[in-house]
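Chain IDs A, B, C and D follow the sequence of writing; residue 1 opens each chain.
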């Protein structure tokens, strides 16, 4: 068990190196760079003064170490990354990227966690009800609703939420951050996808479990519905549920990028999106690596929990 | 002998979109206290559904359509949810075919054995635990104290089937239904399990309904036999007589198809064809299309189960006319 | 055989041999059985009908769209839906219906092309890994694992940021982040099928590697692959619109659902039709393709 | 003694399983004279199916020789192997899993001919229909798909496919275990009839001792990857020498001797894992007669009377 966790950690480190190197390399291939977009192209700044442009460019490059060979740049970056120092951002030259991440991440993470919590609280009972009455009208209704969650992206949901709460009901402001009610629409928009996954997973898994031979054994032993369904079936379907939830949490982190922009939430997503648009490479590389690390660590934790909960894996290692 | 179970005209059908599958279509039999009855037949003849119906464990779209199953004078089929629940695992216990899948993989063996005792208030927590360990020892599981806290995957196939037997015995049931209890096991392990079942039956005096397709196992273990074909009873007989002189042409066909050690003879004489679809069974006697002795009447009218000797009943027109041949 | 009576498996064990009618017996292949099952599934049929309709609209967009997508009608700017402009107009007086038809066309082209990339890369890597096994398998699957760990949307954004916003870049970017799932599926299928007794029988009769791949592995692995690819279409559309939502999709003035939604989110209170219609058409498109895919997966389910 | 059609010498088939080594078949030698049937019995995991697949060269043997028709199959590869393969065919246990679901019965039976490049498409079709008639499926079902047949019919199609290349040796790997008794008997009759008509040689693998007794000329018993006893059928069943064979035979419930299980030789425990076989005689952990020697020294298979070989220190 410890050995396999060690293996996994090693693999995570390897993946992070590959991912960051790949992103780093890609950024060098980029057609329009930060300077062109933000300094040189702006006529009022330099007005075609070529000498001045070169000067600015050289100073910029020197400041960010871009005049060194690529591999050296990457190694320097990697050295910093090991101790969570990703260097200064292009766009916010006074802040280091890790500071921006440290500011934005808690907001994104708490949004994602809140959405997951809502999804579990609503999704679990829905899935269980659908599984216990398969092919009834309530099952069809739940399945239909959950289908909508699968296919409609969270920002489209966000549109409908704004139309509903802000335009028609006039209950909530379209966007903003700081008050408790600012959480409602982002969390609702975000929770639909994981909620759907939970409902669908719970339904199929519980229906499948109820068909197992050992459930028949439990009935034959004289268990009540509560004893058989909660004591045997549900228990066995809930253990693998966390393997569904883990990736969902990671997915939420990434996709909150879209929703945060929409509701003007100052999370990591906002920084990331503008970093991509404005070619703020240090920010991009750092946040991609950071996201990847978060997702992989979540998956590792899920795996460990799963191994711990399922006796078959717990004992065999 | 005292009668324990009397099943009369039991019908369990499956209502599927493509039609009604008459899996069990009017079977009747009795079982006395301390007796063991083998229910035999080939795949899909309804033998499993027949016994599952007794404790109302038939799953949708299956439904018990008709019949009566008097267990100690009470009709099992008319019982409500709670009433039948109190019968299951308490008065009537089951042992299933595949010990690998019949135990819950995420619960300890100990918990699974004590469950029926706790569920039926048969014993308190401590008592149940002690009894479970005693039972594990009785079914031949070494170091039961330790194994009590282990999980099913830590047991081999034969050991799991022993656990299933211990679990069935937990509340001292008056009837044990064993559904192909040895089919999934190797020969040497099968012998161990049959031996164990026999010992347990002798010690506790419980009655056994054993479903099997293996004539050897049935002949070795059971006092009586009932042969089913396509949802109907073909023949009922005491085991000794049946082995000597099977009466229904289908029983004879089965006997002729079954290979026995040291019973070398010329060409095997199997029954031609395959069992019919239960969606649309043949008219008259359901066996007549495969029967070498079929007469005109066989394809027109279904034969009744008639008594041809003490404890012997046959549903066949030839037997009705001439009694039991050969 | 393990007794499979009606109680345990209500859909198996009881089907009789094919009815012996006069003359030859016409077999029903798995494909026609799947088609019959698909036809019975009303949601799937509805999804398929809408999806086909939308595909036709997308193909013939230049002729079907009432106006060119970038044509401005200055005197009709910000108009709500009317007979002339069924979905209203935007700030430049462009017809929103036409813009959405073109958005559909773009989304579909990108989604389909990305599926082609996914299919080629995923099945090549999965099949190679599964067929050869050993070190090759190990190496390829490790590589797949690393790519799988890459947060795909972010990778897409990085790729587009690095390589530009061309159609080609976008669908390749989507394709190369989505193949990992298919590669794993194909590898699993190949590994399972390789052990099937009918493949062993073919090998025992002297089948070569190609015989096995073409006549045994491909036809029998086709079902799950088709399902994955079909469900990939709406998934790709979502990624495409997500990219354009944050300004990394196809370049304007070419319309895209994500960009339409992003552009008018601030106009929602004054001009709701600019947001409602794109969101609704996009949702309908995604739903129809998903129902189609779900129906396929049910119809091709080998379990019954 | 006549030259055997198939002779397997010291065959070993090991598999890597993580860091462990699974000794599925560990030094097995056997021979089948042409026209005879060698039955092979043993409990699950004893390696009997692995022997079958190794003979068909579905694996690369770890060690040993497989002499067939004057050639060592263990050394063949590529084209030569493909050519030899038409002389050995196999029938599997699970009738449905052994038929490709995307082909019709006719295509399945004609497939080996196509693979070997024999005949035109029309001739192959004609031959397939003839074979379907021969095995009792009937040519009118040539266009039906495997899932449309019952288990017995599926197995007949499997037999027809195995016969299409006119093989000399047919390996039957538990061909009737998945079938109901009445169908079992039909298939056994068919196999016997085909053997007589075409002079086929069978390697018949099963766990049902009665079936093996019925069909075999010679029988060999396997335990945990090893051959423990081999003899002519009558010798083996009437005078089993190895303690395992005896236990196995007495564990079979018999119809004609009711209650016979009461007097049987009870074997303790179950078969150990082939990943970690016991030292010395592999049966020693369950053998009531086991002595110290049995736990240390592995017994060789030796001839104790004409054609009767046993691997046991105590015989």
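To be clear about the criterion, contacts are C-beta pairs under 8 Å (C-beta built on N, C-alpha and C of every residue); 3 or more make two chains touch, one makes a residue touch a chain.
As the structure is a prediction and not an experimental result, all values here were calculated from the model.
Centrality by Cα centroid goes to chain C.
For the pairs C-D and B-D, the larger set of C-beta contacts lies at B-D. Chain centres here are C-alpha means, and the one lying farthest from chain B is A.
Each chain gets one centre point, the mean of its Cα atoms, and the points for chain B and chain C are 50 Å apart. Centre-to-centre separation of chain A and chain D, using mean CA positions: 55 Å.
Between the CA-based centres of chain B and chain D the separation comes to 32 Å, rounded to the whole angstrom. Across the assembly, chain C contributes residues 1, 15-17 that each touch 2 or more other chains. Within chain B, contacts with two or more other chains are made by residues 43, 57, 98, 213, 274. Those residues of chain D in touch with two or more other chains are numbered 150, 153, 180. Only residues 1, 15-18, 20, 23-30, 196-208, 211, 215-216, 219-220 of chain C touch chain D when the two sit together in their complex.
Of all the residues in chain B, the ones that touch chain A in their complex are 55, 57, 85-90, 93-94, 96, 98, 101-108, 115-116, 119-120, 151, 153-154, 164, 167. Considering their complex, residues 53, 56, 58, 81-83, 85-86, 88-90, 92-94, 97-102, 104-105, 111-112, 115-116, 138, 140-145, 147-151, 153, 158, 161, 165, 178-180 of chain D touch chain C.
Contact residues of chain A toward chain C in the complex are 11-12, 14-15, 18-19, 23, 26-27, 29-31, 147-148, 150-153, 155-156, 159-160, 162-163, 166-167, 174, 250, 254-255, 257-258, 261-262, 272-273, 276-277, 279, 284, 287-288, 291-292, 295-296, 299. Chain contact summary for the complex, chain A toward chain B: residues 212-214, 216-224, 227, 232, 235-236, 239, 310-312, 315-316.
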